[in-house]
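The structure that follows is given in the form of structure tokens.
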Amino acid sequence: MGAVEKPRTEVAAPASWDYAPAPEAREIVSFERRYGLFIGGKQVSPKSRTWFSTISPSTEEPLAEVAQAGQKDVALAVDAARDAFRTWSRRKPAERAKVLFRIARVLQERARELAVAESLDGGKPIKESRDVDLPLAAAHFFYYAGWADKLEYAFPGRSPKPLGVAAQIVPWNFPLLMLSWKIAPALACGNTVVLKPAETTPLTALLFADVCRQAEVPPGVVNIVTGDGATGAYLVREKDIDKVAFTGSTEVGKAIQRELAGRDVSLTLELGGKAANIVFDDCALDQAVEGIVNGIYFNQGHVCCAGSRLLVQESIHDQLVRKLKRRMATLRVGDPLDKNTDVGAINSSAQLERISELVQSGVEEGAELYQPPCRLPEKGWWFAPTVFTNVAQSHRIAREEIFGPVLSVLTFRTPDEAVEKANNTMYGLSAGVWTEKGSRILWMADRLRSGVVWGNTFNRFDPSSPFGGYKESGFGREGGRHGLEPYLRFE
Amino acid sequence: MSESLVTHSPGGYAPALFRRSIADALEMDHGVDAVAAEERAASLAKRSLKKDAKVWGLKLAISMIDLTTLEGKDTPGKVHALCQKAMRPEPLDPEVPHVAAVCVYPTMVPFVKQALKGSAVSVAAVATGFPSGQTFTDIKVQETRATVAAGADEIDMVIDRGAFLSGRIGQVYDEVVAVKEACGDAHLKVILETGELGTYDAVRRASLVAIAGGADFIKTSTGKGSPAATLPVTLCMLEAIRDVHDETGLVVGMKSAGGIRTAKEAIQYLCVLHETLGVDWLTPDRFRFGASSLLNDLLLQLRKQRTGIYRSPDEFTLD
Amino acid sequence: MTDRLPVRKTYKLFVGGAFPRSESGRTLEVEGHNVARASRKDARDAVVAARKAVAGWSGATAYNRGQVLYRLAETMETRTDALAAASSGRREVARAIDRVVWYAGWADKLAQVLGSSNPVAGPYFNFTLPEPTGVVAVIAPDEPPLDGLVSRLVPALVGGNAVVAIASDSHPLAAIELAEAVATSDVPAGVVNVLTGLRSELAPVLAGHMDVNAIDVTGADGDRAALEELAAENVKRVVRAKEDQSPWEIASFMELKTVWHPIGR
């Protein structure tokens, strides 16, 4: 047989096989120049007469002005909620259910618009806000709508009744989704709410107010008060609230718990974490790498349950780290509105500083830093995906929550050692276990002191699945049948 | 660690003489989580190519096609027309490249060789009791030799799935070795028929065994069964190729065949390829599409990109 | 305007997502209209359609099933007038629609109320999950004309079953109007099938059919004993309404599967 070399007609390649920008159309959402507070079903100017700008962290451009709610504003909101509670709690549960179903439907109908707003205001990639945040937000309302008229089945033998007015404070990492986690169960149980979105991400909450208008939510059932930490403090100090639900930093959570000491206010907290992602040598290797990447780089690592500590079995450390670094090099950091972006902007300059400081400490304490080559945009706040190897348990980067795209790699030898290291923290929100051996996943799950254990997966959420922490990661559960309990009292 | 003879010229597809033991191959075997693999493939499928990259991708995809006809009713006439289309898919546009190869049954090889004379399109043929592989090993080897003698540049063989599924991996390996030997200078693609293997774990194992036995390319399917090629199965096979390459430097190509009908899908495969193995693999020397109707959709999309108007299938010849 | 002749509806069967006439070509005059009179062969075809649809419907996520049933409530709401005309009126229709909404909300909660994690005395993880039984035959009660059928149909659907329903002898129009609401919703073809005709002819066929997993005899009245005897041939689950509306009505159409797995290093 002759030589098989055949001269081919070459197809001339472009300079690089690059995904050309694929921007989601920004025009789908339009913001008001200025938003008031949403109280009693209306937009109202703040009595404080103070406003501030909300900025797009990927471009540093101001998006809109929002109100800084003062003490009087917060009091008015609570009054409106109390007023509305009288009728809302007495409404037929099946009718309350229908209101919530409507909210779910409107969220689905306006999903794209809200996803773009979320990415602009918060910095997360459109791929995530479109495929994760919005669908889950709608799903939470669907799920809890169905419980509104079935509470007697959720708590057999007990007579559940609503608590009253719930004060709810949500963070900036999943603004609309966290709002859904708070509002859906609260309303389903017959409560009314005053919700304070995070200072840097108020816009989707304010758009949610418009969703409430479309769904014909009765005035005062949902109230939105924007502002910074001071607004949150006023809200928690209000006398006429029956419940506080807070998701945010452990530090603020403790402050709230102190504030409520001695008061008759029900409290749930969802705080920080320093989750261990535990990888055994018999794992499905390539999928474990995906899971590690998802665990810490999804949402720029701004996730309370992020897998920020990789505990890898020593026997496969080198091989895994090699694969991980190669995979990190394919992560695309950039414009949140670009559909090809994997990692978006850091939410604020303050957060960027915190991340940088901790990363610096990692270097100083002797860990080895790696970042794939990454061209970061000129404007905006960005941090390249980062991994530290040679990390010791005592390093700050292994103990403190960084809340950024920074992974610390540690090793272990046996399952017992993995459990010990994973539990050796004041946090206890989540953990991941990677092994093809089913019994070991269950054995680990049994012993891990965390509220969520992901086996061969990570960062999975569902409205029917209860979520919450052990220890200083907080108490109370959101999602599932158990997520109803914090919003009810039982005679 | 592995007894290997690597003779391989990068860029071309001169056949590699490479063999490892099964033990070495299986050392790289590990589980594949189906849920996560399918999710990864799905997220890669969402990559969006615009403008220049897309036009390039469409042309690249055309250049990667093994234009195929494998019917009982194939005739010299049918095969001749297919070869014309293979050499000049779009007579009105000289920028549109020719396809990589024409793929037929053994008895059609002489007619293909004649029709493609002087062109850069390769002559590919199936052999080894395609598509079932349920015949005797010496018959498979004989068929391979005869097909190469008739003029085939490339042989697409099938593995013995019955042997694989009943635990006789050694038999599968031995057949690949024997057929590779019978190929001489022709290059060998080994079809795993992934739709019959049942799990991604099995696909990975079969990939490693086929590569160890000397495959120049591993291929998903015969196209005669269902499911044929899928993105996750392709991803799984590419990961096996990548792991072998990392360990030994060997370059093995990938062919996704069967069920890929639209340009959109073809681009998705290229994205999976690009993100798993990098830009070096974006060449017909290392990746092929086993397809027939895909070609017209690629031509249609190319014309749409150029003119900005949605086209009609009527505008493109059937062969 | 008064000269205008209305275009009258033809009332056919609802099988596999389509509206065929009876293969027998027979009709009955009921409620002022000719209504298809289903034969045993139609019943057989309906069971085939249902069986084909079960895998997809039971394999859908619970969330998806809940959304699909909610959408059925949407399409019923739009058809309120037509449904009211075929039943006792708007009040009954409102009740039937609200019932669909109520049951839709159960889809993604069933496992939490009907299932359990069981604390066995040993190092094993043990859980029990409800699963749909498969193809369910439903004999629609005569009263109320619409809500009677809905109250037996929807609990079977929520958990992932496919249904072949025999419409009431006296109120077939309500059943077909409902079928039209089903056909324009997102309920996949074959998940709901409706046969009009004579209950006395059709019920025994379904009761004895070896590929039907359960039969709801709430609407059976006098012939119940005979049907129950036929059902024994393949150990069919025989179901009768116990409450007006409850997750336990859904449970009657569900199996329970218990799984064990060791917990160990």
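Note that the chains are named A, B and C in the order they appear, and that numbering of residues resets to 1 at the start of each chain.
Everything that follows uses one rule, which is that contacts are C-beta pairs under 8 Å (C-beta built on N, C-alpha and C of every residue); 3 or more make two chains touch, one makes a residue touch a chain.
None of the values given here were measured: they were computed from a predicted structure.
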> Which one chain sits nearest the middle, judging by mean Cα positions?
Replying inline: A
> Looking at every pair of chains, which two share the most C-beta contact pairs?
Replying inline: A-B
> Taking each chain's centre as the mean of its CA atoms, how far is chain A from chain B in angstrom?
Replying inline: 43
> If you average the Cα atoms of chain B and of chain C to get two centres, how far apart are those centres in Å?
Replying inline: 48
> So how far apart, in whole Å, are chain A and chain C when each is placed at the average of its C-alpha atoms?
Replying inline: 40
> Hey, which residues of chain A end up touching chain C in the complex?
Replying inline: 94, 97-98, 101, 139, 142-143, 145-150, 153-154, 415-416, 438-440, 442-443, 446, 463-464, 480-481
> Can you list the residues on chain C that touch chain A in the complex?
Replying inline: 62-63, 66-67, 70, 98, 101-102, 104-109, 111-113, 125, 247, 261-265
> Can you list the chain B residues touching chain A in their complex?
Replying inline: 12-15, 30-33, 35-37, 39-40, 46-54, 56, 59-60, 63, 97-98, 120, 122, 148-149, 153, 184-187, 239, 274-275, 279, 282, 284-285
> Of all residues in chain A, which touch chain B in the complex?
Replying inline: 1-9, 11-14, 16-22, 127, 282-287, 290-291, 330, 339-340, 436, 456-457
